[in-house]
């Protein structure tokens, strides 16, 4: 257990000191700030635009960093051969991957908290804050965990560029699965079965995204939130498990 | 396990990298028979691409052999109990950029579940031994190649290993560093540790090793003690060149 | 080296800026840019859960393309795609109330009063408890469609909705009642006007609103009713 904590801690330090992260944070905060500017141009919609654009910025920059760092992390370990230094020690590959997952998740949590703090500060100042907005931040956190899992899964067997493309592709698809399902409903039974399978099999990021609702403080039940969070956790665990199986077979 | 037991026992060890797109299958190691006894210092000599690193990776269980077997301390190489007793320094080590030297070695120690107090004592001693006390708070990305090599040695010894595997340990070191490093190895030898290292530099082998073998294109072409090879008044280098030429594998080597 | 490079770079930058300006002139010669509104189902299919943000961006686009026209001579105005644009915004973000309300003003102003009514009906169907849609519908029916009966019904609905539920607003309810009463009077529905003014008078007395009591009393006197 201590080993996993050490591995996670090491990954955390390695990733949080990465300059890409600082750049992303600056951009995200700038974007949240820019929403003020756009808001003033919008004739009475300033609060709405600040809320919408801020939530979108938090999600987009969080996801970009999760995918970017997540897919390059394992490759960097293998490319620089740091992985063989670690795995030559009494560390299993499962422990290694779990440590990587937890470490990057911790870094992303810090990033998310920082972005959410900037967002909350802006809205509190301009009088547009609503505690319901925190539900979305919590669900974005689950989205990021799933993305870290998927990034590790793809990077366990392919190059970082391909892993990035695949993860990003799943992220896009996972946010548009509804239209996918609608498409299948009007098609032949075979195609319909296929789209249904994909609908339930692919990571449905829309389940982890309520930004269109929370900005209106729409009713959102605790059981629904619980199911959403559990769904995210299960999918992240699934991706991580596949990553472990693939990685344990890989020659280093 | 008794003191006379073999630390490394490789039998018909073969590694073939499967064919990939644009790449034919490659035999990296072909039927290697190798036994290293406790307390020995053993050199694996050979040009780049001879299969030295592959051999060490097989010893560490980082790869699975295509054919043949290898046992370490009488057990499978990927068992945790085995790895606890091994220290390993990879070739051209390149560690986590944003950690300081001290943080990195401490991290490595943590992976062995060494008690904190013992770890801190050892850490201090090892940084002193490799001459990195003054630079221990710098991030690794600011280290020179030689400094990385030194910190690499410190992490390889953090678990007080019974077997030390070193892959090209002398590369990147300046003459003073090389001298210091030989002294470190001699010190380990005096403590009764088993040492196996890869090198393509003959003088290192001549100076430190009890026994060595020569690998060429994945095959062992010679094995013996340094004394056996230098008998008859010829230098190790002359013997080495002779062996290589005899093997008809070309003389495009020796760095 | 640097001494040669900097002036060269500046010259090139200046040239690029000039050429960019020239390109813009070509575009201007091609005529005014149109506000292109994509199909809602297409946007929705690829929205990636950013529906609200897209609605905001179409709102900003609408202002960018049509904002100046709102202050131009009404006879010179040429709007493009207005109803489609507001349908798109409100389909992407069904809670975007100002898109319905402001949209209906703009549509009415552009001579598309039927579109304005359709847009508001949409909002009312989606948010049946929200009184603002009925309130706005009353004005659109009255001002742009001259449909007094429709306006009376709409203000009646708004009055009822403002008087109940979470969004209760007695002041707004009274204002809607006042509009209803005026319009009834205009529409030669004296009975309804009298009944409504009497209701207003009672509410105003209860609330101690002397100003409103005066208005209601005047209105009833005008209608020939003596208390």
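For reference, chains read A, B and C in written order, and residue numbers begin at 1 within each chain.
Throughout what follows, a contact is a pair of C-beta atoms (placed from the backbone, for glycine too) under 8 Å apart; a residue touches a chain by one contact, two chains touch by 3 or more.
Fair warning: this is a prediction, and the values are worked out from it, not measured in the lab.
Steps from chain B to chain C, minimised over paths through touching chains, total 2.
Farthest from chain B in terms of Cα centroid separation is C. Taking the mean of each chain's C-alpha atoms as its centre, the chain lying closest to the overall protein C-alpha centroid is A.
A comparison of the A-C and A-B interfaces places the larger number of contacting C-beta pairs at A-B. Separation between the centroids of chain B and chain C, computed from CA atoms only, is 78 Å. Inter-chain spacing, taken between the CA centroids of chain A and chain B, is 41 Å. Looking at chain A, one finds that none of its residues touch two or more other chains.
Those residues of chain B lying in contact with chain A across their complex are 57, 60, 62-64, 80-81, 83-84, 86, 88, 90-99, 103, 107-108, 110-113, 152, 155, 159, 165. Those residues of chain C whose C-beta lies close enough to touch chain A in the complex are 44-53, 56, 59-60, 63, 67, 93, 95-96, 98, 102. Put simply, chain A touches chain B in their complex at residues 2-3, 6-7, 9-10, 13-14, 17-18, 80-82, 84-92, 251-252. Within the complex formed with chain C, the chain A residues making contact are 38, 41-45, 48-49, 52-53, 56, 172, 175-176, 179, 182, 205-206, 209, 211-212, 215-216, 218.
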